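What follows is a pair of complexes built around chain A, which joins chain B in one and chain C in the other.
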Partner chain A sequence: MEPIIEFRNYGFQYTAQAEPTLSDIDLRIFPGEKVLIVGPSGCGKSTLAHCINALNPCSRPGTSTGSLTVGGLTPEEAGVFGMSKIVGTVLQDTDGQFIGLTVAEDLAFALENDMVRQEEMHARVDEISGLVGMRDFLRRAPGELSGGQKQRVSMGGVLVDDVKILLFDEPLANLDPATGKDAIALIDEIGREQDKTVIIIEHRLEDALYRSVDRIVVMGDGRIRADGPPDEILCSDVLSREGIREPLYLTALKYAGCRVRPEDHPASVTTLEIAPYKDAIAGRYGGADPRVPETGGEEILRVEDLTYAYRPGEPVLKHVDLSVRRGEMVALVGKNGAGKSTLSSLICGFIKPAEGRILLSGEDMAGLTVKERGERIGLVMQSPNQMISKPMIREEVGLGLAARGVPEEEASRAVEDALRICGLYPFRNWPVGALSFGQKKRVSIASILAIRPDLLILDEPTAGQDYRHYTEIMEFLKDLNEKTGLTILMITHDMHLMLEYTDRAIVLADGECIADTTPARVLTDPEVCAKACLKETSLYPLALACGIEPPDLFVERFIALERGVRAAQADKGGAA
Partner chain B sequence: MIKDITLGQYYPAESVIHRLDPRVKLVVTLLFIISLFVVDNIPGYALAFLFLAFWCGLSRVPLRFMLRGMRTIFFLLLMTVVFNLFLTPGTPLVSFWKLTITREGLRIALLMAVRLVFLIVGSSVMTFTTTPNHLTDALEALMRPLKRLGAPVHEIAMMMSIALRFIPILMEETDKIMKAQMARGADFESGGLIRRARSLVPLLVPLFISAFRRANDLALAMEARCYHGGEGRTRMIPLTYHARDRIAYGLLLLYLILAVVIGRDIFGLAAAIGGLPV
Partner chain C sequence: MNRMISYEAKDTPVHRLSGFTKLVFFLLWCLTSALTYDTRVLLVMLVLGIVIYAVSRTEWKQVSGVLKAVMLFMVLNLAFIFIFSPYEGVKIYGSRTVLATLPGGVAVTAEQLFYEFNVMLKYFTVIPAVFIFLVTTDPSEFAASLDGVGVPYPFAYSVAIALRYIPDVQDDYRRIRDAQQARGIDMSAKAPFLERIRRVTSIIFPLLFSAMEHIEVVSNAMELRGFGKHKKRTWYARKPLKRADIAVILGTVIFAAAALVITWADGERFWNPFLTRLP
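And now, the complex of A and B:
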């Protein structure tokens, strides 16, 4: 069979860059194949994808070497427009690629560009909307849709054109875990039913493998490091070498000293042949309960009977009770729209509760302004770009103090302390623009720490970050928590984060608090997971298959091991 | 605070006006506004009022929605009235301290107030009953003759519809950024106008970064979906005139004739009847 995509000794260099982003790429993808391309941030996987649809070099100038053919065409010559007939691209930010003012018009956008007649257009839009399950939403505006629905529309928008290749650039970004699962399932169904060649670019390997793929291509540093069936790739050590997180159940097997073989089908926890490893696992994860008894620190935040509605009769929060103790790291989870952001807005005082109280160290905050609350509760937004407004690091970190009229000498000491804690002291006189994303994130955290709050609320601290950056940010927060005793509340969709770094998870669903317990218990409780659109950890089926009771204890033991391994790695890193 | 801006909001309802072709609504609104400046006597305004009441009544948009838009222009209205009231030369009516209200001033002030209120209510009916995309479609259709003169009509319409599409997203983003700054101690609500304007400067940097990134992403997405400019595109929902649109045009024509005849008092009827004031 002829390959539909063929890279031969291909290389690509952006005009704006000194080094080539891609080199020595030899890759053949055949019609009907489903290929997952994984790699850390900056490995060139998005560049590779954009060479296929000709956005490189047509929209972002650069020079290529070697040859590339896609569906018999050379993308560079066919141009973006020419390639859009063959390759349908779904970009990362589905909100940003919604062009039409309603779902129907957005789906029809490509047809409108193609001068298709109206009757045909309506028929096609009707058909495609059915395919992506959006037929009932045709007249909705993008603002009325959820993240998952927007992604369905984006997918439909490229399907109308009867393309041969579907290209997904990080389809899981910005979706809650259960919606992400649905998205992967939908991609799988459409690829199979419509007989498309599917290419998925992701760094979240375990989530992307929710439905099977034919091949995994591992990229690192602009080169292809490995290319093969998932079972083989998962058994090799190429993933950990390239800084891609392998599925948790495989890590668990490794810790138990098992060497998994391709013939055991490790691509999914459901297909995995568990029998040969059962005893090793039971031996490794038996034993004592690793949980440390709850530290009875004083209560720092208490929410009592909190109710809030944006519109009368539609409460977003219904009689929520919760408390956070000093020194805890707590995760606040739940699907989009469950009331997590509303809760943090209420705590920060942007909106006033309809009923109920919020107490900080036992004192009712009802009378405090946003600014006064800001001195004790720090809020860190998802992206540092949403917070940073000064050109110099020192100015940015001192902004909150300046706004409060703190005397200069005192402010400068507080700023330097905050910079030291965040490991940014050497950069104190640098411009913000010279920093990497992770460093910017630290600047945004330092600028809050300078105000010396008792409680830090972080909104999606690791969204869109690959495993290395994720670890970097989270280890930093963990350190902060351990060394300074700072209480941290994190709003997150990331199940790994919650499992590995928090002591407790508060789960919101439809405005109610449905669970408040250890993350391991939450993620081994199918009922809570389903209600809150979370994703059970893959350790749960593994625990069941090995007959370890109760499953959450198994997860606890695994996490304790994992933390130990990571601490050892960090020490090694520190020594080197 | 940013959500208080209601001007130009769509109010979903089932009404004849909602179903009218957007071109008709645009033409009616424009000509109605012009008529307000043509008419200059009380019967003329009474007629305009009748027309407006009919137009509003059919739209089924609650009156309080219409009047909410008035809040934003209250100061403009007040200033127009005050300036006209005190600064128009003519026959003095009342005079105190250094200020004099003249007969002409009173007349012009009242006229301007009525015109402004009618104008706002009249055009808000259009924005309340027409979705932004229909409005841009109508604009594009009505501006089409300008294409011959080399005006980039399609591009302008596409830009408008994208702008409309992104307003809510950027508003939300602004709200988020503002909250983050407020929690850090920024103050957007107290102080004079200049201080408040200055306090907004830190918001601009993150907002611009976000807007540019979005613009870039959208351009990529459009290109990847075969967009190649305005020539040779079909519309999914083309504009077509129905019977109700023709009736609307007929009624508009009738109103315009009456407005000119009565409002300008072409046949001297008012004088003949015995000289209505004004």
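And now, the complex of A and C:
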């Protein structure tokens, strides 16, 4: 059989870059195959994808070496329009790529551009909307859809063209865990039923492997590091070498001293032959005492009977009670639209509760303005670009203090302290523009720390970050929490984050608080997970398969080990 | 959440018209209002505007915020006319009826007041037209209509795209404003006006940077789905012109023509009530 995509000794260099982003790429993908391409940020996986759909070099100029054919065409010659008939690309930003004003128009967008007649277009949109399960939402605007629904529309929008190849660029990036699972399932279904070649680019390996793939291609530093069946890739050490997080159940097996073999099908926790490893696991995780969650200091935040509705009769939050103690690191989780952001807006005072009270260190905050609350509660937004407004780092970090009229000397001391804590002191006189995304994130955190709040609220602190950057940000926050005793509340979709870095998870579903306990217990409770659109940790089925009771203790023990390993790594890193 | 000045689907005669019709009406209406200073014409337009506004069932809350801003601007405009050109009316109407003298020797004349009254009327004729156009025109159908009258479709579509992303930008704006306010940058009415203007920059820059991130995604997504491939494109949401549309367009053209004829019947843009009182 002829490959549908063939890279031969291919290289690509952006005009704006001094070094090639891709080199020595040899890759063949056959019709009907489903291939997962993984690699850390900056490894070139998106560049590779955009060479297939001809955005490189047609939209972002660059030069290529070697050869690339896709469906018998050379992308560079066929151009973006030519390739769009063969390759359907779904970008990671489900919101930004929703171009139409309604679902129907977005689905029809490619047809409109191809001058398809209106009646034909209406029929085709009807058909495709059925295929992606959006027929009942045709008149909806993007603002009225969930992330998962938007992604369905994006898929439909490329399927109208009857493409041969579906290319997904980080399809999980903006979705809550359960929706991500649905997306992977839908990709799988459509790929098989419509007989498409499917390429998925992701760095969240475990989530992407929720449905089986034929091959995993591992990229690192612009090259292909490994290319093989999932079972083999998962048993090699290429993933950890390239900084890609392996599935948790495999890490658990490794900690138990097991060497996993490909013939035991480790690609999924459901296919894994557990018998050879059972004893080792039971031995490793069976005995030791679980970590006792610390209760923390005095109560710093208390939310009582909080109710809020944007529209009368449709409460987003219903009688929510919760409490956070000084020094805790707490995760606030739940599906999109469950009320997490509303809760943080209420705490910060952007909106006023319909009922209920919010107490900070025992004091009712109802009378305080946003600014006054801001002195005690710091909010860090998801993207640092949403916060940074000054060209220089020092100015940006000092902005809050300057606005409060803090005397210069005192302000400058606070700014320098914050910069030091965030490891930015050496850059204090740099322009913000010279920093990487992770460093900018730190600037946005430093600018809040300078105000010296008692409580830090972070909205999705690791969204869109690969494993290395994720670890960097989270280790930094953990350090901050341990060294300064700062209380941290994180709104997150990341189940790993909540398991590994928080003491407690507060779970919101449909405006109600449905669980408030250790992350391990939340993620081993199928009912809570289903209700809140969370994803059970893969350690749960592993615990069940190995007969370890109760499963959350198994998870606790694993996390304790994991933290130990990390601390050791951090020490080594620090020493080096 | 309710957004200011955005399309709301309702079933009224105004909503049922094609976007093209409403565009023609809007343009001719504003042109007429801009050209004429004939008080009679302006008063008729004012009444008609209010009637159409009522027919479109536009609610107060849809427009109140923007209306207040426009009112503020209007008051400033009227004040500045008086300050910088207190005898404009005297020049225009060729008479001088002093009603009072302000400290500093500036005379308040009936002519000046009448002139400024006309300027105010112009505001009040244009405002309902803008509101009606914006809140009753389905944006997607509007782009199709623009294309239909020969506006190149990349331009027509860019209007639709702007409308598509306005709610996103508004949300972004709100989020950024809230977060900056929490940092201590006071955007509330408590802060002095100039200080507030200065502080708005602490929202504008993050907003711009966030928007720039989106723009690349949007343009890639559009290109990947063939936008700009052909000289023409078809429209999923196009509404063909119906009889009512033709009637409204013809009516508007006739009205505009008549209004301008009446305005210039006496040889100038201004209708002069002071002239008749002269002996």
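The rule we apply is simple: the second predicted complex is superposed on the first by the 574 of 576 C-alpha atoms of A that agree within 3 Å, B and C clash if a C-alpha of one lies under 4 Å from a C-alpha of the other, contacts with A are read in each partner's own complex, and residues count from 1 in each chain.
The rule is short, and it goes like this: a contact is a pair of C-beta atoms (placed from the backbone, for glycine too) under 8 Å apart; a residue touches a chain by one contact, two chains touch by 3 or more.
As the structure is a computational prediction, the values presented were derived from the model and not from experiment.
Once the complexes are laid over each other on chain A, chain B and chain C cannot both fit and instead clash.
After overlaying the two complexes on the shared chain, residue contacts for A:312 are found with neither chain B nor chain C. When both complexes are overlaid on chain A, the residue A:385 reaches chain B and chain C alike. Of the two partner chains placed by superposition, chain B and chain C are both touched by A:113. Applying the stated contact rule after C-alpha superposition, one finds that A:367 touches neither chain B nor chain C. When the two complexes are overlaid on their common chain A, residue A:91 makes contact with chain B and with chain C alike.
When both complexes are aligned on chain A by C-alpha atoms, chain A residues 53, 55, 59, 80-81, 84, 89, 91, 93, 95-97, 99-102, 104-105, 108-118, 121-122, 125, 142-143, 157-158, 161, 345, 348, 350, 370-371, 373-375, 377-379, 381, 385-390, 399-401, 403-404, 447-448, 451 touch chain B in the first and chain C in the second. Contact residues of chain A toward chain B in the complex are 53, 55, 59, 80-81, 84-85, 87-89, 91, 93, 95-102, 104-105, 108-118, 121-122, 125, 142-143, 157-158, 161, 345, 348, 350, 370-371, 373-375, 377-379, 381, 385-390, 399-401, 403-404, 447-448, 451. Of all the residues in chain B, the ones that touch chain A in their complex are 131-133, 161-162, 164-165, 168-169, 173, 176-177, 179-187, 202-203, 205-206, 209-210, 214, 217-228, 232-238. Residues 53, 55, 59, 80-81, 84, 89, 91, 93, 95-97, 99-102, 104-105, 108-118, 121-122, 125, 141-143, 157-158, 161, 310, 345, 348-350, 369-371, 373-375, 377-379, 381, 383, 385-390, 399-401, 403-404, 447-448, 451 of chain A are the ones touching chain C in the complex. Remark: chain C residues 1, 138-140, 160-161, 163-164, 167-168, 172, 175-176, 178-186, 188, 199, 201-206, 209-210, 213-214, 217-230, 232-238 touch chain A in the complex.
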